[in-house]
Every structure is written in structure tokens, then in C-alpha cells.
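Two complexes are shown next, each including chain A; its partner changes from chain B in the first to chain C in the second.
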Partner chain A sequence: MEKYILKYFDAIRTIIAILIGIFISILVIYIISKSPGGSLRYFLLGPVLSKSRLGNVFETATPILFGGLAVSIPFQAAQFNIGQEGEIYLGAALGTAFALVFHMPAFLYAAMVLFFAGLIGAGWGYIPGILKAKWKVDELVSSLMLNYVAYFFGLYVINYHFRDKKAGFLVSYQLPKAAWLKQFIPGTRIHIGVILALVFAILVYYFLYHTKLGYEIRMVGFNRHFARYGGINVFKVIVLSQVIGGFIAGVGGMVEVMGIHHRFNWQMSPGYGWDGIVVAIIGHNHPILIIFAALFLAYLRVGGQVLNLMSDVPSEMVTVIESIIILLITAEAFLSQWKYRITVREAARKEELNESAS
Partner chain B sequence: MNPLLKSIFSANFVFATLRVTTPILFAAIGVAITALSGSINIALEGIMLIAAFVGVIVSAFTGSLWLALIFGVLAAVGLAALLGYFHLNLKADIIIAAIALNMFASGITVFLTYIFAHDKGTTSSLKSLVFPSYQIPILKDIPVLGKMFSGLNVLTYFALICVVIFYYLIYKTPLGLRIRAVGQNPDAAESVGVDVKKVKMYSLLLSGFFGAFGGLYLSMGYVSWFSRDMTAGRGFIAIAAASIGGNLPIGTFFGSLLFGVVNTLAIFLATLKVPSELIQMIPYITTVLVLAIYAIQKSAKSRGEE
Partner chain C sequence: MDTILSIRNIVKVYPNGVVANKGISFDIEKNTIHALVGENGAGKTTLMKILFGIETPQEGEIIYKGKKVHFKSPLDAIKNGIGMVHQHLMLAPDLTVAENLTLGIEPRKWKIFLDTDKMNEIAKRVSKEFGLEVPFDKRVKDLPIGVRQRVEILKALLRNVELLILDEPTAVLTPQESDMLFKTLKDLKKHGKTIIFISHKLKEVKQIADRVTVIRDGKVIATKDASELTEHQIAELMVGREIKSERIAPSPKVGEPLLEVENLDYINEENIPVLKSVSFKVRSGEILGVAGVEGNGQTELVEILTGLRRLTSGKVIINGKDMAGKTPREIRENGVSHIPEDRMKNGVAEAATIKENLIVDRYYKKPFSKGILLDWKYITNYGKKLIKDFNVLATSPDALVSSLSGGNIQKVVVARELSSNPSVIVADQPIRGIDVGSEELVHRLLKEARDKGSAVFLVSADLDEVLELSTRIIVLYNGEIVARFDDVGGLTGKDLGPYMLGVKREE
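Moving on, here comes the complex of A and B:
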């Protein structure tokens, strides 16, 4: 038993952090709500009680998953690029503009628009990447600043050049139907992009763990100096990890527009980049685990929305819970005492076995 | 003269610049003092937010400016302590822990705004006190200078004083010496008996202290209410301002002033027929450019030395 605890220690620690988070939310609901039983039911079961809400979980998870994948690649290379928010936003805004200007045959249309949005994201990842690789500009600060540039520039393009004045809101013109990602389950808004996100997760997994560049990215993240002595081109890895992450972010932003809204309607930045950081951390930067982390986060979010709608507890509770879970997961020393004790016991047991064998 | 140039070369512009610089300067001092001890602190966003919120709530419910000040500072220092505890004791990555604490601050303030003011956007239904403005005797009667430098919020003057405090702290006190020693070479500092963890913790607490005033200024000086995520990235701009200034007192001041000027310029330019979105991009583009130029110069210099 204890052997398995050691083997899966990180997973167990993550699960305990999540359980603590959920426990705290239950506590908060009991303190705040006038009818805690009902509120709790909305929060924990709300997402599965109707087909459309269950659909909401998958719809919500999709952009978060794209965000998480986009974060995981630079993070695996130990590049703290947190510009995914801007990459998603600008990818979606300029992708929308592209789709509205260039009309194409249907079979090409969606793919071309997504590819273009990806290129925008990639370009936006290139800037902090090249600044870091060439002149050691801190990618954390530069990518953060670029988030704001992306936001205001995207907003400018949509509001001044592609705004649908008949819509009554600040939104772009609607995309032609040929550029929509089809919603294929009646009663929900689950669209082809949901499947696309899963395909991307598998591709990113294959890329990171079964290709040369993926290996190089992980090695640079593991130890940059070691990687350099081993003959890895660190310069290339620093730039490409951020470019590839940016590409995924750009695609993710556009998928959301093409699958759900069918026009660009983000007057505020939607926050999927930050959500991406959250799920990348919960999933330990592993693409397959990030799928589950994104679903978990989406479930919490939808639960929070149901709670907000049906009871007297504001949905921001979920943000607080998320932050606590991340803090516990990223705190390496959390439960390390426990691990230490088990390690010692396990070693003592092995020694005993060895002695009795001899 | 061109009306735009006229408004820029006016006493109003200087006055407005100092107003806009204030929160950035407080936060930048906080960032710089942690950077000197060798850690990057991106939690100023959350630190300011929590101080801004607590200040408004305490002042609305107690009617005391002093209590608002004290609790605002305590809340901010508490958040910084949490960052220190998770980073130093529980070995969390300081960047990720700070991102988590920023989220925490953003979530909890909106959550509690709803609980206290039954509104998720702002606390404007609660009556908050504000920090007063101050007319400097004699200076206020001098024609142009009086209009530029007198009648600003007391916290703006305090921000300027904080630059001096920061300078004194870093160069003239044992703690300052230790902070710099730990930042430059933690192993060497450890070997002569400096408790590195403790020094790093103190520098984080100090960043909470300075950042708190930035937050208080936003909600109780700049305006008189708390609104969700009202720091609007100033905690991040502060990182840039401090790093432009090499994390040193005078440099941090001028770095912050640069962003103050650019932001004020953006406000003044908004009266022209230029899309405001484009103008609002300016400070962020400037940051990236300045950081890049600064880094290119540094790498050219180090290459020259080789």
C-alpha cells in the first residue's frame, strides 16, 4: 500500500488539494447561504442535473483545455510565458477579421481561419520568445505587457472596422455559416471544437513525449545548462516553445468564436489564458492530465454559475477555491512530512526483508 | 500653439501625472524591494486590490480613516506574508503562488463586495471616506508651481516620501544591507550568518506595506469606492517600472514617473479623434520597448567587457 502512495505521491497530493478546496467551498456555502442544503446541491450536482448544463461543462472546458495546452509547452521548457490570454484574444479578433474579409470554399474555410488565428497567436508568442533568447528580456514581464497590447489592439480592430452596428451590442459581424464549427448534439452547444481540443491534447502529448523537439523542450525545462552541454540548441527551444504554445492559444480563441458565439463578442478579455495556467498547474503540465483538469475546472465553474443563479452565494467563490487548490498543489512541502515518514518506513521494511532473505 | 501641445505643457499635466504615478510608484517600490532580495514579486496586483477593498469596507463601517488605513495595510501585509509562507516555508514556486494569490484577491474581493454591498461591480452604495488633499503652505501661492505641486492627495506626497524611506532603508539600515546581500549572493550571506529566509520574508512584508498604500490610494483617493479588479494591471506595470529603474530607489521613481507620463498622455490624447484603444496600448508597448532596449544595452555592455 505505502509503496503505491510513494509512486503516485504527486497525484495523491493533487487530489488531496482538490478535496480540501471542495471542503472549503462546502464550508463557505454553509456559512453564507440561508438554505445551505439546497445551495450545496446546486453547486455539486447542478452541472449534471440537466442535459444543457452537462453540455455547458464540455463547452466551458474546451477553451480552458486549449489554454492549458498552450501554457504547458512553454512551462515544460521552464519559460514563464503567461501571454496566452493575449494570444487567445488576438487570435480570435484577427481570426474573425480574416474570416470576414476572405471568403473561401466551405471545405477550406474553417481550417484556413483556424490556421490564420494560430499564426497570429504564434507570432504573439514569438515576441517574448525572441526577446528572451536574444537579449534575456524576462518573458514573464514582456508577455504580461503584450496581453494588454493584444487586448486593446484586438478591441480596436473589431470596434472600428468589423463592428456590426445593427447588433445593438459591441460585436463583430456574424461569421458566414460555412465558417461555423457545427454543434452536433441537440439540446447542447457542444461543437466540433470540443473534439478538436481533445485531438490537440493528444497531439501535444505525442509532441512532448515522442518527438525530438518535445524531448528537447522537456530537457531545457529540466536543466538548461545540462541541456546545452548535451548539445541541445537552447535558443531554438526557448523561441519555439513559446511560438508553438502561441499557435495553440490562437486556435483555441478562434474555436470559441466559431463554435459558440459565431461572432466576436469579447469586450472584456475572457480569461482563458489564466484558466489555462490553472489547469496546467493542476495537470502538472501533462497534456492528458490537463484534459481532466479542464473538465474539473469547467465542472466547478458551471456549478458556481448554477449556484449564483439559483441561490444567494456568488460564483466568485469558485475563483477563491481555484486559488487555494493551486497554492496547495504548487507548495512542494505540502504533505512532504507525510511522504518523508512513509519513505523512511518503506526503507526500513525493505532492509528487514533483505536481512531476513540473507 | 497646437491645443494638444498646449495642454501637455501645462500645470494640469504635471498635476495629473503625479496623480497617475502615485499607485504605480507605491507598487513599484514594493516590487523593487523584493527584487533586491532576489525574488520576483508579481503579487502586487492582489496586494493592492485587497488593501483597496479592506480600506473602503472598514472606512464605510467604522467611519474612521485611520482604522481603514491600519486594516488596509494589515490585509496587504497579510497577503504578502501568505506569499512568503508558501514560497519560503512550503517551497511553492513564487510566480505561481503569486498568480494564485492574485486570483484569490480578485475572487474574494468580488465575493465580499457582493456580501457587503449586494452588488458585484462596485461598493459605490457604501459611503467610503477618502484621503484628503493637501495644500502646501507658501508653495500653493506661487503661480505655476503651486498649481503643479500643491493640492495633491496626501498619499501622493507620502509616495514621494516613500522613495526617500526606501533609499534610507536600503542604504542606511542593517536590514537594507542584508536584503542587498541576500539578493546578490544568498550563499555568501548565509555563510556569514544572515538568515536568508527571514530577510526574504521581511522584504516581502515590506512590499505588502508599500503596495497597500497604492491600493488605498486607488479606492480612497483616486475615487471613493472599490470596483472589481480596479488595479487594472498596475501591479504588473510596477514590475516593469521597477526593472527599468534597476530596482534602485531613484531609478524606480523615474521608471514609475515614465509610466505616469505615458498614461497621462493617453488620457490627454483621448480628447483628440484618435481611437482610445490605440492610445491605451501606448504604456504597454512602451514597457516592452524600454525593457528590450534596456536589455539590449546590457547585453552589448557585457559583451564589450568580455
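Moving on, here comes the complex of A and C:
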């Protein structure tokens, strides 16, 4: 038994953190709500009670997953580029512009638009990358600053050049149907982009753990001096990790436009880059774990929305509960003592076996 | 005699399940130098970390000055008069030497501002008092490892300890510095201090230890007076079998020069000339040893040869091609391998697995990868093989390097660098921190490489090593080659000493 606990320790720890988080949420809801039983049900089970809400979970998870994958690659190279928010935003804004200007045959259209959005994100990742590699400019600061530039520039392009004046809001023209990512499950808005996100996660996993460039990225992240000594081109890796991360972010932003809204409607930056950082941390920068982290965060979000709509718990409290759960999960040291005691007992038992055998 | 420290039945299990100490008990008498010896991975560092409050044992007790103690942190231990110099140095890299030395006891002006002048003064004073020279205003990260070691030793001495733990302090010191250190240790002993001393150099153990405890595989094999044991007996107790040393005859065929350095100059960032028109050749089938006190340009020379540093002028010809200013990849591709001086900085990525560390110079080649994909199955088996061939004590190729003992980390580096079929081997302190048994293995492998036609460029602070292995020797002093010995037969350390210290030079 204890052997299995050790093997799956990280998973078990996460589950326990979630349970404790839920327990705290229960307490909070009991204190705040007049009908706590019902509220709790909305929060915990809301997302699975109807098909459309379950769909919401997957739709919400998709841009977060793209964000998390985009973060994981530079983070694995120990490049703390946090420009994903800007890459997503600008990828979506310029991608929309591109789609509105160039019309193409249907089979090419979506792919070309996504690729273009990716290139925009990649270019946006290149700037802090090259600044760091060439002049040692701290990428944390430069990428953070670039987020503002991306936001205002994207906003300018859409509002001044592609704004649909007939719509009642500040939004772009609608994309031609051929550029939509099809929603294929009736009663939900689950679209091709959801599948695409999963494919990307698997590709990123293979990329990081099974390709030569992935290996280089991870070694540079572990110890830059070692990588250089071993012959790895550290300069190239620093730049490429941010470019590839940027590409994924750009695609992610455009997927959201093409799959859900079919036009650019973000007057505020949507925050998927920041969510991406959260799920990348929860998932230890591992693409497969990030899938689950994104689904989990999306589940919390949707549960929160249901709670907010259906009960008397205010949306601020929903955010508090969400944050408590995330805090618990990200706390590394949580339960490590427990793991340690089990390890010791296991080792002692093995020693005994050895002794009696010899 | 009084017992200052009693170690009773200590058991330590690491989180990964390795049992590093399996019931260790022995006593340390006050006012003695007590040596702790054992093979790589025997559990020496672990035990010392327990004494110093870094690791907690699962069982057993420690009785210090008659009282049962349980240190929760190094701070606790320091408060009780225990000091430790770690095997892998633990200084703050961004602080200056003086700041590091006075960390936690820094002098202040009006209790708030750091008093830098006073700090430097203290640093200067202790450095003089203990005969260990350090540049007190430089940042630690810019210093070579030997100098950092001196800083660490001074830092411990400065804190007025009663019990001083030294985990392989001499591994990165020159013999002269070691001698100075030993004098200091004997002085300390005279003043009533107690010292625990870990080393793989048994000569040193015989030289200064009063008592010796040998541990093997986490258990105490013997605790005896040092005078009762010979070096050979200690070695045999350590490994648990007879050791026979075999001499390998010098290689008969010396061939073409594979590494040629011509008029190499190097001026560093501070505009100081570090290497001055250095020229030498290393031919196929020979080992060229570099003797010299550390800090006379060896580190820079090695880094230039391997592409980690750019020379100012001159030629570096390897296998007939000028490699000056080329990248480490290009140089390695041209048949060079490099055992680096500082294994923790350059030699490994601690947080990566052993197998990932073993392929850093070859992952992109067949059969380690095909196309853009790595072949992990092949790499795992390859890792298993190297672990076995090079005697690395590890649970599997998937174990993290950070879970290995110091000497075993060194073996991982050596395994990688000697398994790439290099034509030129640049070996900087190849046996640093490696136990007697494995030392022989590494030396044998270097000689075998030589006999297969490699050219070996050997830098070592250990004169005995240079004398034993080298076909020819050059002496580096203040960035210049001050002597060349083409015939090493009958040569001793005494012959080299005056050149190394700059009192004598060849015309």
C-alpha cells in the first residue's frame, strides 16, 4: 500500500489539497449563504449538471491550456517570460485582421489564419528572447512591459480599422464562416479548437521530453553553464524557447476567436496568459499535467459562475474560494513530511529483507 | 581524555529510500583531529550534515559535551560552537569575499549600515593570521573554486568554533595550501579545539589525524589510532578487500602532435595579462602534465582550449585545425573531451537525471537520437552500462544527480568524458573527490586512452598525480611556462617546487 502512495504521491497530494480546499469552501459557503446546501451543490456539481455547462468546462479550459503550454516552454528553459497575455491578445487581434483582409479557400483558411496568429505570438516572444540573449535584458521585465504594448496596439488595430460599426459594442467584423472552428457537439460550444489544444499538449510533451531541442531547452533550464560546456548553443535556446512559447500563445488566442466568438471582442485583456502561468505552476511545467490543471481551473471557474448565478454567494467570495484551492495545491511542502515517513518505513523494511536474506 | 562528541547508532534514510547511515556509532575525543574515511557514497557527508543540523536522522542520538543534542538547523549547531566546511561550497555567489566571511556577524556603523572598511579589515586580518590568501573585495562567483574553498575555511575559522568539521577541504587546495591548512589545524588543536577531517588522500590522514574512523556502506568498520594503521591498511579497510596496484608501462609509441598551442596570450576583463605567450605541444600517446600553484593561469588555459573562454591572441591547433575562438560544440566535434575543474558549475546539471547528464555532448548524434527524436531506450541502457563500467554508486540511470555523493558525481563526469573516444583529453583535476579505489580506475582509463593514441592534457593540484601520470611536464607560473621537463624519470616534487613558486626559471 505504502509503496503505491509513494509512487503516486504528487497525484495524491493534489487530491488531498483539493479535498481540503473544498472543505474550506464548504465552511465559507455555510457562513455566507442562507441555503448552504443548495449553494454548495451549485458550486461543486454545477458544471456537471447539464450538458451545456459541462461543455463550458472544456471551452473555458481551452485557452487556459494554450496559455499554460505557452508558459511551460520558456519556463523549462528557466526563461521567466510572462508575455503570454500580450502574445495571446495580439495573436488574436492581428489574426482577426489577417482573416478579414485575406480570404482564402476554405480548406486553407483556418490553418493559414492560425499560423499567422502563431507567427505574431512568436515574433512577440522573440523580442524579450533576443534582448536577453544579446544584451542580458531581464526577460521578466521586458515581457511584462510588452504586454501593455500588445494590448494597446491590438486595441488600436481593431477599434480603428476593423470595428463593426453596426454591432452595438466595440467589436471587430465577424469572420467569414469558412474561418470558424466548427462547434461539433450540439447543445455546447465545444469546437475543433478544444481538440486542437489537446493535440498541442501532446505535441509539446513530445517536444520537451523526446526531441533534441526539447532536451536542450531543459538542460539550459537546469544549468546554463553545463549546457554551454556540453556544446549546446545557449543563445539559440534562450531565443527559441520564447519564440515557440509565443507561437503557441498566438495560436491559442486566435483559436478562442475562431471557435467561440467568431469576432474579436476583447476590450479588456482576457487573462489567459496569467491563468496559463497558474496552470503551468500547478502542473510543474509538464504539458500532460497542465491539461489536468487547466481542466481543473476551468471546472472551478464554471462552478463559480453557476454559484454566482444561482445562489446568494457573491462573486468575490467565489474568487476567494478558487484562490484558496490553488494556493493549497501550489504549496510544495504540503504533506512532504508524511511522504518522508512512509519512505523511511519502506526503506527499513527493505533493509530487513536484505539482512535476513544474507 | 574527554569525549566531546558521541555518535550513537545513527540511522539516516533519504527521501528516495537510500539508507546512507546504517547505525553509526563512535566517539570523538576532545582536542584531537579525527579523520573520517570511506569510499564514495559510504555516508560521510551525510553523517556530517546530521551533526551540523542539515539532515535529521531517523534513529540514534548525538551527545555533545555530555548533553544529548538535537540540532534543528545549522544555526543551532553554530550557536553551540560547531563549524562546517562543506564538500560542495555554500557561499553566497553575489556577495564579496569579505561580506561572505562576515555573514551574520557583519560589523555595522550605528547598528544599521554595513561597515565595509571594517569588514575588509577583518577579512585581511584572518586571511593573514591563517595564511590563506583571498581577494576580499571580489565577488565569490568570479573566483576559481580553490579560492572559494579558502574563503569557506576562513569563514568557519572566523567563527571561533570548538568543533570544526571539514568535508574534503583539501580536494581543491594545492599541496602548499594544504600544508598551511594543516599547520592551522594543528594550532587549533593546541588551543583545545577538536577537528573532524574527511579526505580521500590517505597520506594527509596519516599526516595529521590522531584517530581514524573508517566507514563502509553506512557502517563503522573500525575506529583506531592513526598510528596503528598504514595507508594501505586504511585503504583495505575502506574497500573491504585487498588492493593491488599495478603499474602500466609508459606507452611505446608517441605520434603526431594532436594539440598544439602557439604564442597564446590572454588578457582578462580586468585587463590583467593572465597567460603570456604560452606554447606547447601534446602528441598522440602522451600525457602532458601541468604543474603549478592554482591561480597561475591553469583555469583560463583549460577554458580557452575547450572553447569556454576566448583567447586574446595566438593559435590553438587541434588535430591539425585551428580551433581558436571556436565554440565548445565545434571543439568537442573535433575530438576533444573536457573534465572540468568545477564539477558542480560546469560538469553536471544536478536537477537532471544521470542519463541526461551522460549525453550532453552526444545527444544529437546517432544512436542517441534519430532525426529529431531522442532514443531514450538506447540512452537508458547506455546509462546503465556507464554506471557499471565507471563504478558509480546509484540506484538507476534515472536517479537525479543531486542524490549522488560528491565522488560519484565526479565519476558521472569522468564517465561521460572518457567514453566519447576522444583524441584529445583535457583533464582538470580528474580525480577530485574520488576515493582510492576509483582513483586507480580513472588513472588506468587515462593511461589506456593514451596508449590508444589520445593526447592527454592533465592539470592537477596534486603533484604526485602529475608525476605519476605524465610523460612530460610543464610548469606554469604567473601565466608563463617557466620550465619544461621532457624526461620525468626520477623527477620529484622537490625538483618542481622552486619553479612553481617562481623562485627559479629556465632560460
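Just so we're on the same page, the second predicted complex is superposed on the first by the 340 of 358 C-alpha atoms of A that agree within 3 Å, B and C clash if a C-alpha of one lies under 4 Å from a C-alpha of the other, contacts with A are read in each partner's own complex, and residues count from 1 in each chain.
We take it that contacts are C-beta pairs under 8 Å (C-beta built on N, C-alpha and C of every residue); 3 or more make two chains touch, one makes a residue touch a chain.
These figures come from a predicted structure and were not determined experimentally.
Of the two partner chains, chain C is the only one touched by A:232; chain B is not. Note on chain A: of its two partners chain C and chain B, the one contacting more of its residues is B. In the overlay built on the shared chain, the residue A:314 is in contact with chain B alone; chain C does not reach it.
Once the two complexes are overlaid on the shared chain, A:274 sits against chain B while remaining clear of chain C. Within the superposed three-chain model, A:213 lies in touch with chain C and out of touch with chain B [touch as defined at top].
With both structures placed on the common chain, the touch criterion links A:223 to chain C but leaves chain B unconnected. The part of chain A that touches chain B in the complex is made up of residues 32, 80, 82, 127, 131, 135-138, 140-142, 144-146, 148-149, 152-153, 155-156, 159-160, 274, 277-278, 281, 314, 316-320, 322-324, 326-327, 330-334, 336.
On chain A, the positions that touch chain C within their shared complex are 210-213, 215, 218-219, 222-223, 225-233, 339-340, 343-344, 346-348, 350-351. Across the complex, chain A is touched by residues 13-19, 22, 58, 306, 308, 327-329, 332-333, 338, 340, 345-352, 356, 360-361, 363-364, 369, 372-374, 376 of chain C.
Taken together, the chain B residues at the contact with chain A in this complex read 40, 42, 86, 89-93, 95-97, 99-101, 103-104, 106-108, 110-111, 114-115, 120, 233, 236-237, 239-240, 243, 275, 277-278, 280-281, 284-285, 287-288, 291-292, 295-296, 298-299.
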